[in-house]
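In what follows, chain A forms one complex with chain B and a second complex with chain C.
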Partner chain A sequence: MPRPGFVLDVDRSTPPILFWNGEGLRLERLPAERSRVIYAPEPVDALRDPDAAVRKALLEPMDSDPLPDRLQAGMRLTIAFDDISLPLPPMRRPDNRQRIIEAVLDLAAAAGVDDVHLIAALALHRRMTEDELRHAVGDRVYDAFAPRGLLYNHDAEDPDGMVEIGATPHGEVVRMNKRAAESDLLVYVNINLVAMDGGWKSTATGLADYRSLRHHHNVKTMQASKSFMDQHKSELHSSNWRMGEVLKANGPPIFQIESTLNTDTFPAPFEFLTKREWEWSARDRGLYLGTAKGLAALPGRTNRRILHGIRSPHAMTSVQAGDVDAVHARTTEIVYRQQLVAVEGQTDVLTLGLPYIGPYNVNSILNPVLVMCLGLGYFFNLYRGKPLVRPGGVLIMTHPTRCEFHPVHHPSYIDFFEQVLADTTDPVEVEARFEKQFAEDEWYRHLYRTSYAYHGVHPFYMWYWGAHALDHLGGGSHVIIVGGEPRSVRRLGFRPASTMTDALEMASDHVGREPTITHFHTPPLMMADVS
Partner chain B sequence: MKALVFRRKPVRFAAAVVAGRLAPGRGAGVGPLSLDDVDVPDLPGPDWVRVRPRLAGICGSDLATVDGSSSRWFEDIVSFPFVPGHEVVGDTDDGRRVVVVPILTCAVRGIDPPCSRCAAGRPNHCERVAFGCIEAGLQTGFCASTGGGWSTLLVAHARQLVEVPEALPDESAVLVEPMACAVHAARQVTGAGDVAVIGAGTLGLLTVAALRRLAPPAGSLIVTAKHPHQRRLARELGADVVAEPARLAGHVRAATGSWVYGDAELDGGLGTGTPTGRLTGGAAEVVDCVGNEASLTQALEVVAPGGTVHVVGMPATTTLDLTPLWYREVALRGCYAYDPDDFVTAIELVADLDLGRLVSATYPLSRYRDAIAHAAEAGRRGAVKIAFDLRAEKERTRL
Partner chain C sequence: MRLSAGPVRTALERLRPARAIGRLEFPYRAPTVPAGVGLPSVRSTVGADYDTDWARRFPARWTRTVLLETVVRGTVRALARPEVRGLDRLDDLRRRAESDDGVASVIFAANHHSHLDSAVLLSSLPEPWRYKVFVGAAADYFFTNKVTSAASALALNAIPIERSKVARRSAGQAEALLREGWSLVIFPEGGRSPDGWGQDHKGGAAWLATRADVAVVPVHIEGTGAILAKGDKRPSPGRSTVTFGAPLRGDAGEDGRALAVRIERSIAALADESGSDWYTARLRAHRDETPALTGPTGGSWRRAWARGARRRGRASASAGLTPRWPDLG
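Let's look at the complex of A and B:
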């Protein structure tokens, strides 16, 4: 029986706590009697026979006819699937998407459907490489479809590839990939890593373009989403669901397939990363020392190769298919069951150890803009109820925050960092003064469409993800990065500190000398249910 | 009288070259520049007057002279010994406060009829700067007959004098000469598209101000600045975009919508490289206010096909790859000095924009080594213009 999440009150006997530090690790001793550590629930049990579960979901869907009944010869079938940003780290083969897509294709073949397209629903993310597509859908599917041009990446900038479906009562324009929109059936294959994923966000965001996305990927929406992970308090969620209503009325029939994973995040020999420190064995301590010292000694490029080579053992815990709303309600329930940890009250100081990977740097570099997004956008928002840190509190993160960018994946990030953030870090001003220029830059469009670059506007979205946290904390001076490269950290509008002790000293400007401290011990992913 | 004198002393000159390479401005300590008691210069003719400098600026060309890095191209149009200093505000014997227009043209030299350039109203192109009633010298400050601003007295032709409005402080007036250079540059720029200015020292900042007033670009005015105070001033004086020097190409690309040749190769996704490659387009005009090999190379990198690079900063012997100049039909155009109209406009601009604030420090002649070292490291030390203050020199009133 997996143990639930746990909140540890730190006392003098508590061992040092593991903090991720980008492509490295560090141990920090938190002040006794006023610190606590939130640990994730242990991985829930995986499905014994995931392939059977997939078949059952397709044959006994929720609020929908069985998939075989919706397939017939001569129809246009499109299967869209989540892109490289899910799951984190990439999972061992077979990926959930492969299992599900193979099952859908078997049923399609049995029904005589031969007009099938597979589309990576990446919105404005970078295109997936052949290796990445093969990993997601499996070699059999890739070899059957890609050479014939039937398996490809969504292109939100294809002037002939997008269609307008309609608009919400709020004036939000809904645009969608043309092939998907004109299909007789759109099957969406999702991996639900966090509560924000899936539902109408899959199609309304994943297959949309800038003209659609800008209605909810903006500062106002992000600041009004408290949090993104709480459907009932997320304006991002509401906007996607309004768009979903438009898709229901005017878009293609959609058969949604969502799958969930447990939090079995790191394989041997890295299992110690998810253990509670006081339960570390001598072997775990040895592995920590070896890993930490090895990563510290090796060049960054080598570290990246090692860490991005990790294939996570997380396993499928559920799969449900059918009507989008019904499916997603069930999915969210299962995600919450795996990830929620009850936490009493807010804290003065929240500490986070930022790992080497986030949704937008798989096989890439977690550049300073993504550091901001991962800390203030993702981890900060892993709450339901109230943020873990109180309004006006301090967020302390550990990460080297080197001024390194992947020139192929993140070209517009480089210019965003050097041109926009050099001028202002205020999300509202950033949006008003610079977004349009980057979004419509022909060079970025070209790189997005033909290379492997995130869209020109993408770094803006990363900055907006953090807008709620910045607003809640009271500005960048409330954010401290331990071990961060000073130039980069200051460019982000934050404060660099050499050590955790220095950071806590600096935090006293805002929270006094004896603040309460909470460490959110992630990954593995979890979600604080703050009362 | 007291004057800093630059003599032809080959051994000291060689020492200055070495010292100047080790640390900018250090040529002042070992080179052919010395503070001496010298005779008052004779008046070369009836239209000449004595000028007692109040403030005299230290210019980039002066620093190049002191450190021995000036081009030998000037050898035949300077005469030794000379007293440097061509950015001058001073007093005449009849009590007028004036700035000196330092170019030594046919009219100043008593050459009649004037050369075709002077006759055409382009005195900065004068073909007679080594002839006439005074020794060779392209400007006051490089001519043995006239003296220069780094002294307590110089002589100037009446045509070289522009009276300073009473309300204009000396600190602003000493910037009139470099501002006239900037005005001249701005009048050369068409401003039809995006304009990039390389360098935010005194000349770069003044050029930004002049461009904003006289030739506001139809596109963006992008300026490179190394230091925080330069970035602040560049923005205050009219830059739309202020870029770190190494990031100019990125800013120009973003402003112009240019594409890039030879972007970084996909390397498996784990590289740390910075983007490489050349812009397909660029700024319609680039104004190089530095004039060294790096800045000229950068100017050719960011100028658009068919565009123009205006060289405002004084260059020297330089190695450049001119392939882009040929392939993209780029015009490389020098921009030297000014004409009298430019001075009139310059006075208006320094007054309107209160540019006296750019004078960061002044020194007496006796501390010339400190002054020159400060000027040579002005950017790094948070300064813009360094000048000699002659107002308290005893010899100034004794003569």
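Let's look at the complex of A and C:
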């Protein structure tokens, strides 16, 4: 029976706490009597027979006819699936997408469907490489479709590849991948790692373009999303759901398939990373020392190769299919049940150890802009109710924040960092003055379409992603990065500190000498249910 | 220096050991039995009666592991260069086995073209089955005398299976081993293909699976027939493909014969997948148009012709995947 998450009050006998530090690890001793550590629930049991569960979901869907009844010979079937940003770290084969897509295709084959396209719904993310596609959908599906051009990445900048479906009452234009829009049935295959994923966000965002995305990927919407993980208080989701209504009325019939994963994040020999420190055995301690010292001694490139080579033992915990709203309600309930940890009250200082990986740097580099997004955009928003840190509080993160960028994956990030952030870090000003220029830049457009680059506008979205946190904390001076490269950290508008002790000293400017401290001990992923 | 014909060469030829042994007569070799004379029954220690228990004890297992990882793997790599597909289909089985703290016994049922098949399949098996597996081998071929019996038992952990009659001992031994956690490699066709096409399946694998309540993993091996076919004296190195299928279990109330049909169909579908692509194979399987492993009926030339066409089909299918030159008018 997996143990639920819990909040540990730090006392003098509490051992130092593990902090991720990018591609490294560190142990930090938190002040006794006024610190607490939030530990994630242990991974829930996986489905014993996931393939049978997938088949059952397709045959007995929610608020929909069984999938076989919706398939017939001569139809146009499109299967869209989540891209490389999910799950994190990438899971061991077979990926949930492979299991589900094979089951869907098996039914399509039984119905004699010949016209099938598979599309990686990556919106403005970078294209997936052949290896990444093979990992997601499996070799069998890849070999059957990709060589004939029937399995490909969504291209939001293809002038002939997008169509307008309509507009919401709020004036939000809904545009979609043309092939998906003109299909007799669109099957969307999703992986829900956190509560933010899935629902109408799958189709309304994953298969959209800049002209559609800008209606909800903007500073105003992000600041009004409290949090992204709480669908009912997220303006980002409200906008996507309004777009979903348009898709329901004028778009293709959609059959949504969502699956959830447990939080079994690291395989042997890295299991100690998810254990509670006082339960580390001699072997775990040895492994920690070996790993931490080894990563510290090796060059960053080697560390990345080791860490990005990790294939997570995540396992499927549920799968549901059918109507988008019904399916997503059930999925969210399951994710909450797995990940929520009840936390009483807010804190003056929130500490986070940022790992080496986020949604936008799989097989890549977590550059300074993505550090901001991971800390302030993702981890800060892993709450329901209220943020873990009080308004005007301080956020302390550990990460080296080196001024390193992947030149193929993140070309526009480099210019964003050097040109835009050198001028201003205010999200509203950034949006007003620079967004359009980057979004419509022909070179970035070319790289997005033909290379493996994120879209020109993507770094802006990363910056907006952290806008709610910046607004809540009271600006960049309330964010301290321990161990961060001073030049990069200052460019982000934050403050660098050498040690945790220094950071707490610096935090006293805002929260006094004896602040309460909460450490959010993740990964594995969890959500704080703050009362 | 080449030997010239003459008395020296004749003398050397006379000294060749095989010929020398062949010339031995009673009492240096066993007596022939006069027609119409019955022999007193002597308990046989070879064939289906060969006792292979020793081959599953520590020294033999250790020796076999070393042999598999060195001689067998090296030979297989040199001769057959197998590409292994579909291992992900076994992941759930493996995970379940690990969570149950033991090795879940499995029957690997494969098509059979060549003596290389056992070696190729054994060296392609994933953990946790690789080192705890036994092979069902024809009692009348591999266990004819003590030397071949011992070699088969040691190298393959083979147990003798009667091909010509139903033998309680063979089946009982296989079932007992499956229940003890050993997995079985078996070729349900009962022997190597004589002409490159498959043969009708015998029901042993399905019967055992139902009896011991274990899963059957269909496996298709492609290419070994071209490397060392039945009757070939020397191997011609080439490539091979081993495709593992999704595990099959007997449904409630399903008898062994129905399961045997499903196993045969699954291997045929894997063969189709190996020769085309997964979705095309699934489309054909659902239309009940999966090409049979046994090939067309008719004269031997028509079967040979069809086999050639099948190979050409593969070649042209892969040619269709190469980029086309643009039409410049």
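What we mean here is this: the second predicted complex is superposed on the first by the 531 of 531 C-alpha atoms of A that agree within 3 Å, B and C clash if a C-alpha of one lies under 4 Å from a C-alpha of the other, contacts with A are read in each partner's own complex, and residues count from 1 in each chain.
In this section, a contact is a pair of C-beta atoms (placed from the backbone, for glycine too) under 8 Å apart; a residue touches a chain by one contact, two chains touch by 3 or more.
Worth saying up front: this structure is predicted, and the values here are computed from it rather than measured.
Asks: Quick check on the superposition: with chain A as the shared anchor, is it clash or fit for chain B versus chain C?
Replies: The answer is fit.
Asks: Using the superposition on chain A described above, determine whether A:L105 touches chain B (first), chain C (second), both, or neither.
Replies: Only chain C; A:L105 stays clear of chain B.
Asks: Classify the contacts of A:P94 with the two partner chains as first (chain B alone), second (chain C alone), both, or neither.
Replies: After superposing on A, A:P94 lies in contact with chain C but is clear of chain B.
Asks: Mind working out whether A:R301 is in touch with chain B, chain C, both or neither, as first, second, both or neither?
Replies: A:R301 contacts chain B only, not chain C.
Asks: Between the C-alpha centres of chain B and chain C, what angle is found at the C-alpha centre of chain A, to the nearest 10 degrees?
Replies: Roughly 120 degrees separate the directions to chain B and chain C.
Asks: Touching A:G385 in the superposition: chain B (first), chain C (second), both, neither?
Replies: The answer is neither, since A:G385 touches no partner chain.
Asks: Look at A:G166 in the shared chain and tell me whether it touches chain B only, chain C only, both, or neither; answer first, second, both or neither.
Replies: A:G166 sits against neither chain B nor chain C.
Asks: Of the two partner chains, chain B (first) and chain C (second), which one does A:W443 touch, if any: first, second, both, or neither?
Replies: Only chain B is touched by A:W443; chain C is not.
Asks: In the superposition on the shared chain, how near does any CA atom of chain B get to one of chain C? Answer in angstrom.
Replies: It comes out at 22 Å between the closest C-alpha atoms.
Asks: Common interface residues of chain A with chain B and chain C?
Replies: Overlap of chain B and chain C footprints on chain A: empty.
Asks: Enumerate the contact residues on chain C facing chain A in the complex.
Replies: Interface residues on the chain C side: 85-86, 88-89, 91-92, 95-96, 246, 273, 277-280, 282-283, 285-287, 321.
Asks: Please give the residue numbers of chain A that touch chain B in the complex, ascending.
Replies: Listed in rising order, the residues of chain A that touch chain B are 129, 300-301, 304-305, 308, 363-365, 404-409, 411, 414-415, 418-419, 422, 437-438, 441-443, 446-447, 451-452.
Asks: Would you pull the chain B residues touching chain A in the complex into a rising list?
Replies: 241-244, 247, 250-251, 253-254, 257-260, 263-276
Asks: Which part of chain A faces chain C closely enough to touch in the complex?
Replies: Answer in residue numbers: 46, 48-51, 92-94, 98, 102, 105-106, 109-112, 114, 116, 138-141, 143-145, 147-148, 315.
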